[in-house]
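Next up: some structures, all given as structure tokens.
Note that chain A is present in both complexes that follow, paired respectively with chain B and with chain C.
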Partner chain A sequence: MSRIDVRKTYKLYIGGQFPRSESGRSYVVNDAKGRLLANAAQASRKDARDAVVAARAAFGGWSTRTAYNRAQVVYRIAEVLEGRREQFEAELRAAEGITAAKARTYVDAAIDRLVWYAGWADKITQVVGNANPVAGPFFNLSTPEPSGVIAVVAPRGALLGLVSVVAPLIITGNTVVVIASEDNPLTAITLGEVMATSDLPGGVVNVLTGSQAEIAPWLASHMDVNGIDLTGVEDAELATELEVSAADNLKRVRRPAPDTDWLAEPGLDRMTQFLETKTVWHPIGV
Partner chain B sequence: MTPTASPTAGDTSAHGVFDDIVGSESSLRRFLHGLPGVDQVGCEARAAGLATRSIKTTSKAFAIDLAIRMVDLTTLEGQDTHGKVRALASKAMRPDPADPSCPATAAVCVYPDMVATAKQTLGDSGVNVAAVATAFPSGRAAMDIKLADTRDAVEAGADEIDMVIDRGAFLSGRYMDVYEEIVQVKEACARPDGSSAHLKVIFETGELQTYDNVRRASWLAMMAGGHFIKTSTGKVQPAATLPVTLIMLEAVRDFREQTGQMVGVKPAGGIKTTKDAIKYLVMVNETCGSDWLDPDWFRFGASTLLNDLLMQRTKMTTGRYSGPDYFTLD
Partner chain C sequence: MSTPTPTNVFEYAPAPESRAIVDIKPSYGLFINGEFVDGNGTSFKTVNPATEEVLAEVAEANDADVDEAVKAARRAYTRVWSRMSGAERAKYLYRIARIIQERGRELAVLESIDNGKPIKESRDVDVPIVAAHFFYYAGWADKLKYSGYGETPLGVAGQVIPWNFPLLMLAWKIAPALACGNTVVLKPAETTPLTALLFAEICQQADLPPGVVNIVTGAGETGRAIVSHPDVDKVAFTGSTEVGKAIARAVAGSDKKVTLELGGKAANIVFDDAPLDQAVEGIVNGIFFNQGHVCCAGSRLLVQESVADEVLERLKRRMSTLRMGDPLDKNTDVGAINSGEQLKRIRELSEVGDAEGAERWEVACDLPTKGFWFPPTLFTGVSQAHRIAREEIFGPVLSVLTFRTPSEAVEKANNTPFGLSAGVWTDKGSRILSMANRLRAGVVWANTFNKFDPTSPFGGYKESGYGREGGRHGLEAYLKGADQ
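Right, the complex of A and B next:
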């Protein structure tokens, strides 16, 4: 007796839930050879708006957790990802048409990247914070604090690329609305399932799939978004337009980097880019 | 059974029109229990159906401005200070300081001891001061205390009094007590110069148990001369809901058909988003008609709603989404 296929409906990941697009739209996602792989939800500006609301709501709780606890949660994402590696390897091979060995390399790297960033959670303050010498009877302390809600346009690398842009933001206490790669959105939603089952509070990471050119301008001009990472924007004109509208509320902007080698050591700048430095003057001897 | 009295001209205070009904405990009960029962499923379906209407562009801009004009900006906390009330009153007059075209709210709603402070800030701006009186929110105090509470608020300059009914008396069937209470509080709303503060009657529908009771309470309050009927104190869950407000809107519509007299409706508590507010406005228009689409006849008792309305308004004028950082918290 043949069994009927149980096909998966790929939806969005907003506020810890997996809703369909408010617009009811979807679009066809093909594999590397141009054959139908699945339909993905095509997010609208209202989905982006809802995602920002969810990210803002999650920010207070997430940013005030101890760095140690955030590290545990991100490490847990790596653990769960490790347990589901076959699924991710299969998805990467289907979506990007790469060999089994290559797929394994990418999944390994994605897991290692999460562990690496998890380790930074309670160390970044020591590295970029400082006790400043001042000419007066004060302790003068600079500490990094998360910027707030960050919009991210994810690069093409369906798993490693996404992990590499999201992990450094959430580890420092930001919350994120990420537009997944337009061509390879499915792995992003599967990664959403991993995050939903890894103690990551709903709304800390929100994943939208759909047209970059349609959604990104709404996030760039959104007054309640504190920063935007344009890593995955490949159209130079769109990038300029996004930077201009981001200037309205002085968002921090990370400029496009389409040719990044995601397998290389990432460095600290993805974490430090979206941190604000708070400096406190505290009187001595009072 | 509905009242057969004909509309009267001028001040149509219930006395006279409903003399037969409110003449005795038994006739009042007979009347209230003779009101047609509410079809619960039908009412909820109707409310849910109206909530699906899509209001866009110019209609939405109209609805947002109207909703802002209908807000009774409320602070009813034990921790209220004079400073907070002054800040709230300033916000009521100029909800969006960055945009002079933004209308003022209808009123500021405070506890009686804050009326003078609110009045002082509002001056003759046209924004009213509403005071919750009669041992709000429980209503558990002796009658003379409730009346003194009301007189105090009116004396301090309140333009509107929000009273709570005695739900205990209502639920145990002592309708006459509730009726007398409303009538007496209304008398206490009178000012020395002959005018009087508007009276809103709060039912606390979350405690009334059934939709039938909401309909009965509505008629009771209207017959007793309430200018407004209000769903809730905001201190009990559930507070205002669409079906409950629908029943009250039907009641004021039927009351006008019977008597020619208009009574206002005020849902309060739990209305937090522009979307919610627009659902209510659609329901008002579809149930009572556009006569009620006016701050004199429909109000929102809310505090957080105003900020969401302002954010939506800003979105419509600037074309980009706004954020809570750009509006005051209270």
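Right, the complex of A and C next:
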């Protein structure tokens, strides 16, 4: 008789912990052939707010770490992901019904993307900041700083899509509350396990699973969220509603991008869109 | 603590700048497609806030006028401006910069008449920076490929500007837009339209192709028509946070790119080791420059407890020497409040300060009987919960709070939904850099305040808006980006 396997309970990832939804709700996640994969936690408004609290609490420490240190942590996520690649390939095949070769391609690309962004931590300031030659005796320097807590609606690509929207935010010092792909949320929680064991401080990335239409409006209108990335919002009407709510505290908004090719090399804009420019003046004199 | 007696330390004879240099017409139309046209809407009056004298009747653009202006801008974009080489665009912008310098006195006098700001400021700050701004961005027009933002313009830019720095805000909007190859429809504020209309004449003198710059005058409705026009690709707004939010909602779901430069409630932080006389000059400049009609004004003074009494005494003494009155007098330090409406708001918020228990001190001086005036004022005993510590007053009113430790100063300074600017005064270099890192504001002035330069990016964090104006960073708002 074959062994009965030990199934995993998929919960949320908030503040470095894996809690169930406080609402006690879950929803069925099927594989590509419509067979049960697991029950995922169905996050509520309260879970979203808890995640924002965790992200805000983590912001001060994470944003003031040295860029070198943030680079090492994100690189470490790539290392741990590499070590667990078979698990991710299997999950992607089961969830998305793709071939082994395709699953390998996505996992490779996700790992490489993390490495690519890791290297940006201590270079982005040099590329987008500069000294300003003002017409007077003043030292004047413009440097980028993270915007703060960013809410993200992740696109469908369960691993590569998710990594591609989260990595550019955390590498610059932002903290994140991300709503995983609604149809395909399980890999996001497994990625949470990778992050939790990669020296990433709790609260820097928080993962919610559940209904995009239910959770996203609470994040869009939350007054302690500084920006929102709508990449994964496919319903244009919902996207507009979220952008309208985001105006309540003038969140920085990234509009949906339905046709993104996640395998292509990204530009800088996923980082720069959630950076502020700070300009410091000081007189020069003896 | 002794309260200094407000006396006239020096008696000054009147030294008014002649207004003969400006020729204000009785009425003005809209500047569309290179010509002044009557427009289809009604009209409004612009007054001299120092005397309440009506200066001119100005056309109020309606939806049809705005549509005409956007069409003219689109035509100019498609047929002329986006096809012209950067080097040629640059030469037009250099021309404009030069004409602004040539007609600088005229622009300064007109600005002071229409706005109420002292001639000293319009002549020495506003107009020179306006010319410099066009000169700076002129040079970018043929170097965009080195900017880091690509070199593809957006199209037609709709721009709405405020009344506090009418011509300077026009320059901040138009210069980078044109350098990047966009065309513009700009609306000046309803209380200060005259220098923008004079700028339209300058565009004619420069032979700028028709439709590249269109100036439509009007109030909120005209602004709404520009922002929501479907053929506008880019919206740039400077003004109140409330209107900024309305604009962000209005463009939701569209492809319009937006930059917003909004309100502020800047902390000006004075440590006990600061050079106090310099700090006092900086505090005065921070809040009384331009009558406090400055979004980045240092309207919250955070002073370290151990030197609070001394700073306040010196500050009151210095405030008592400020000369208030005729904006055209070359000795005037503080001019007129820009409008009756703004004066009402300043009075109301100051009364809230009284009612909430803060202590008001104001310079004793005779206010002119006509016009809109408010004396330089400070409130002590202000707590963080007071409305005068939280809301933008946009007038010559300073709220004074104290702190003990650097961390407390940071905590209080950042305790606001705004994040436009901040000031730090201390002799200790490492403390300056630490404070500059921890303050959540787009501009940090250390041992100085209210400095502006075309090369230096300006703009806010949080509810002070998004995007930067000035410098290389200012190009980003008018280009599609390197990744597109």
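Everything below uses one rule, namely that the second predicted complex is superposed on the first by the 283 of 286 C-alpha atoms of A that agree within 3 Å, B and C clash if a C-alpha of one lies under 4 Å from a C-alpha of the other, contacts with A are read in each partner's own complex, and residues count from 1 in each chain.
In this section, a contact is a pair of C-beta atoms (placed from the backbone, for glycine too) under 8 Å apart; a residue touches a chain by one contact, two chains touch by 3 or more.
All values reported here derive from a predicted model rather than from experimental measurement.
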item: Chain B versus chain C as contact partner of A:R49, first or second or both or neither; value: first
item: Which of chain B and chain C A:D248 touches, first, second, both or neither; value: both
item: A:G24 touches, of chain B and chain C: first, second, both or neither?; value: neither
item: Chain B versus chain C as contact partner of A:W218, first or second or both or neither; value: first
item: Which superposed partner A:G34 touches (first chain B, second chain C, both, neither); value: neither
item: Chain A residues touched by each partner, larger count belonging to chain B or chain C; value: C
item: Chain B and chain C contact sites that coincide on chain A, given as residue numbers; value: 248-249
item: Chain B to chain A touching residues, read off their complex; value: 319-326
item: Chain C to chain A touching residues, read off their complex; value: 132, 148, 241, 244-246, 248-249, 252-253, 255, 260, 262, 417, 432, 436-437, 441-448, 451, 453, 455-459, 461-463, 465-466, 468, 471-473, 481-483
item: Contact set on chain A toward chain B in their complex; value: 49, 52, 56, 218, 221-225, 245, 248-249
item: Touching residues (chain side chain A, partner chain C) in the complex; value: 64, 127-128, 130, 132-136, 138, 140, 142, 147, 226, 236, 239-240, 243-244, 246-250, 252-253, 255, 266-269, 276-283
